[in-house]
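Next come two complexes, and both contain chain A; in the first it sits with chain B, in the second with chain C.
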Partner chain A sequence: MSDTLLAPDVATYALRLGDDALVLAQRLGEWVANAPQLEEDVALANIALDLLGQARSLLTYAGASEGQGRTEDDLAFLRDERAFVNVTMVEIANGDFGVTMARQLCFSTYQLGLYDVLRASSDETLAGVAGKAVKEVAYHRDHATQWVLRLGDGTDESHNRMQAGLERVWPHVDELFEADDLERRLSATGVGVDTSTLRAPWDAYVDGVLARAGLTRPDASWLAAGGRRGLHTEAFGHLLAEMQHLHRSHPGASW
Partner chain B sequence: MTPTPEQDFDALVESDQRVEPRDWMPEGYRKTLVRQIAQHAHSEIIGMQPEGNWIGRAPSLRRKAILLAKVQDEAGHGLYLYSAAETLGVDRSELLDLLHAGKQRYSSIFNYPTLTWADMGAIGWLVDGAAIVNQVPICRCSYGPYARAMVRICKEESFHQRQGFEILHTLSHGTPAQHEMAQDAVNRWWWPSLMMFGPPDDQSPNSAQSMAWRIKRFSNDELRQKFVDMTVPQSQVLGLTPPDPDLHLDEETGHWRFGEIDWSEFFAVLKGDGPCNQDRIEHRRRAHDEGAWVRDAASAYAEKHRARSEGVA
Partner chain C sequence: MSEPRSTQEWPLWEVFVRARRGLSHQHVGSLHAPDATMALRNARDIYTRRSEGVSLWVVPAAAIVASSPDEKDEFFDPAGDKAYRHPTFYDIPDEVQHL
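Right, the complex of A and B next:
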């Protein structure tokens, strides 16, 4: 059966998408009780919750496809940095609200494109997760878009900060569209998405928002790469240390 | 003879109907409500801090999701309550300024630190449990917008209380280290939770007027007893012991009698000398100040677009 042959690929693929969602949820959770206004505490918590829900389905499926009995929690709390396969964009520190909204615009535009194609996956579980998530992420993108417009076309200070936020995030954009062999195999069999095909619509949408906001598309001076191969930023180890320490302090305990 | 506005108001309250924002109301009634609703709203948003403290470290993804949802609910409660206060002619930014300047209070319970994961359980079980006992009667408060906000809030609080109970139940029946963590949290949160109902009736100066206005329905001591009676049997199910050697069942009345509360601690924390008073307010001020440029940008953007659309029209 092709399903059996594909299983390790599917496990890795679900893990990639699940790690993206988990790590960004962890970052957004840091905003709770720190947002510029109460409505944003609600909105950012809501987005974090959506992403966490996606992560839980995807990690559970990754564990099942892998067939070694690992649960969502085993995968989230008991892997080290080099075993995480999220893109580096999601691990960037929150910075100010401008950095967070730049990251949110770039990532949710990518994720929406991805899930939109994945809805038609021949893998029912992935199609199901994507079908539910696509509605959530459409809201995430809209929320980020509205803020990028407001900050870009608000005050001089907000314009400068929003531009600086884009500069901070931009080196991590290309990595989103870096397809590798695994992705190409899965896309050829109708299971996964060849992310390189998402680049043009991504550019069109984001460029449109930047133009309306009076912001300049940055020119990245260096390019991040390697998140899918477990190569992360220094900040990521600290994120995992916080996220994992309690779970790891009580081996085998139930919560 | 046509009744005076005051007689109308008194009759309305007397007949257990709701006072609405456009109705005439005594200035003292309005002030009392603003103070109480603002304090309640502030408690919701300050209360996000001790729990927000554990979102990043929640020990399972399920617990992380529940905690995130809970803290999000609290932000939502803050929003309803500030809106309820706004119907009385004050605005949120004014109330936040008063909070940040230390001129309005929030519940003293949030001036205690959350030191372990079990504190998430103890806050849900005890603090939210006490809040429910306090708040259920407010669903019948004479002021309509406050009463209606409270109906919604109480539904969510009862979910919060159950999730806290469940956290503690899991810990208490888990490993010895988990059980110890749970008992330690109950030891630290028990007495402050009893203090949440406010000073004893003979030392509670505003209570009588609030009762007459039907903002308040039961006295502090009545509510405290109700909470203890509800909570002690739950502690037995949890397998955790409230830290009160004098706690015993009064067979005649069926009430659980508890030991003496250290009111000097309550008044010290109220005055600002609790373990986290300074941190909580500094945190609020910092988040507010750091967010000022974002709020300014939103206003500037709205203003520009209003001007542009008027220019077009």
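Right, the complex of A and C next:
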């Protein structure tokens, strides 16, 4: 990478990807001891921990690129809502298992496409994180796919709830593929990924799953936007309060 | 929202893990899953998340035929006093290793 000029861009970019992973990890962690089966508790916790690992690497790198001495903990626990730059999809409340699986299918398909391209980034750290994470996310997508197929093609009740889950998540899909100037600058220099190129493969995969599951691709009646600019949904403040409470109440606490 | 509960429990599966190439699969435990595909995934999540294995088998617990405790006497006791079945009556030369 051509370092100093790009560093602030890279810091923001790593923060975006790191926030996506961190917030989704927090959401999935809420399922622990609440999932329909003990086996799913463990599966969702595993996925959450994969994402948390990605978040740690990315936030650490964001702090280093920013050059103001902020650590991963500073970034995770001491920023306020407007400073988080994750997409709004990852902050959608868990809802029932159908909503969570719809969110998992949509997000992991996006994240897999993104990491797959990012593996070839000219930025060694980003390429390294993506290279390791791509295998993890391939499993996340498979896990969600298996469940969407079974719930969509299951009983009337499971089908209806899976369809309702998709309807809940769908308004947040377009935001995933909204490229801005920063992203275009970084993809032009081979550091970042132009997410608009990920849309067609995303559609192909998700449409394929929905067709096999007998589910209908929703028509979003409204579109979420603004997560990358720090504009979040109401649910996000509550998530942050829970996630940051311990660290803010006991600064510097450690195990 | 109504929460209709399934009255049917998921079937039980027995899980076997091969720790590394060259070893045989060992029974490590069991889990519940709706079908074989999900059983394999649950097994991956529950029994290999700390790098315990390179290969997994899942077997429907109902497919396992087990010896009955009632047959314990005729099945296993007769072997108890047949010490000559153990290969311990040979002198092993000192040069032979790894036995």
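Rule of thumb we're sticking to: the second predicted complex is superposed on the first by the 249 of 255 C-alpha atoms of A that agree within 3 Å, B and C clash if a C-alpha of one lies under 4 Å from a C-alpha of the other, contacts with A are read in each partner's own complex, and residues count from 1 in each chain.
Convention: a residue touches a chain if its C-beta (ideal position, glycine included) is under 8 Å from a C-beta of that chain, and two chains touch if they have at least 3 such contacts.
Just so it is clear, the structure is predicted and the values come from calculations on it, not from any experiment.
A.B. asks: Where does A:Gln37 make contact in the superposed view: on chain B (first), on chain C (second), on both, or on neither?
C.D. replies: A:Gln37 contacts both chain B and chain C.
A.B. asks: Could you figure out whether chain B or chain C reaches more residues of chain A?
C.D. replies: B
A.B. asks: With the two complexes superposed on chain A, say which partner A:Ala188 touches: chain B (first), chain C (second), both, or neither.
C.D. replies: So A:Ala188 meets neither chain B nor chain C here.
A.B. asks: May I ask you to decide whether A:Asn46 touches chain B, chain C, both, or neither, giving the answer as first, second, both or neither?
C.D. replies: Both chain B and chain C are touched by A:Asn46.
A.B. asks: Tell me the contact category for A:His143 with respect to chain B and chain C: first, second, both or neither.
C.D. replies: A:His143 contacts chain C only, not chain B.
A.B. asks: If we overlay the two complexes on their shared chain A, which of chain B and chain C does A:Glu72 touch? Say first, second, both or neither.
C.D. replies: In the superposed model, A:Glu72 contacts chain B only, not chain C.
A.B. asks: I'd like to check the shared interface: which positions of chain A are touched by both chain B and chain C across the two complexes?
C.D. replies: 37-39, 42, 46, 96, 150, 157
A.B. asks: Quick one: which bits of chain A touch chain B in the complex? Just the residue numbers, please.
C.D. replies: Within the complex, chain A contacts chain B at residues 22, 25-26, 29-30, 32-42, 45-46, 48-49, 52-53, 55-56, 59, 72-73, 76-77, 96-97, 149-151, 153-155, 157-158, 161, 242-243, 245-247, 250, 252-255.
A.B. asks: Mind pulling up the chain B residues that touch chain A in the complex?
C.D. replies: Residues in contact with chain A: 45, 48-49, 52, 55-65, 68-69, 71-72, 75-76, 78-79, 82, 92, 117, 170-171, 174-175, 177-178, 283, 287, 290-298, 300-301, 304.
A.B. asks: Looking at the complex, which residues from chain C come into contact with chain A?
C.D. replies: 1, 4, 10, 31-35, 37-38, 41-42, 45-46, 49
A.B. asks: Using the touch rule from the top, collect the residues of chain A that touch chain C in their complex.
C.D. replies: It comes out as residues 37-39, 42-43, 46, 96, 142-143, 146, 150, 157.
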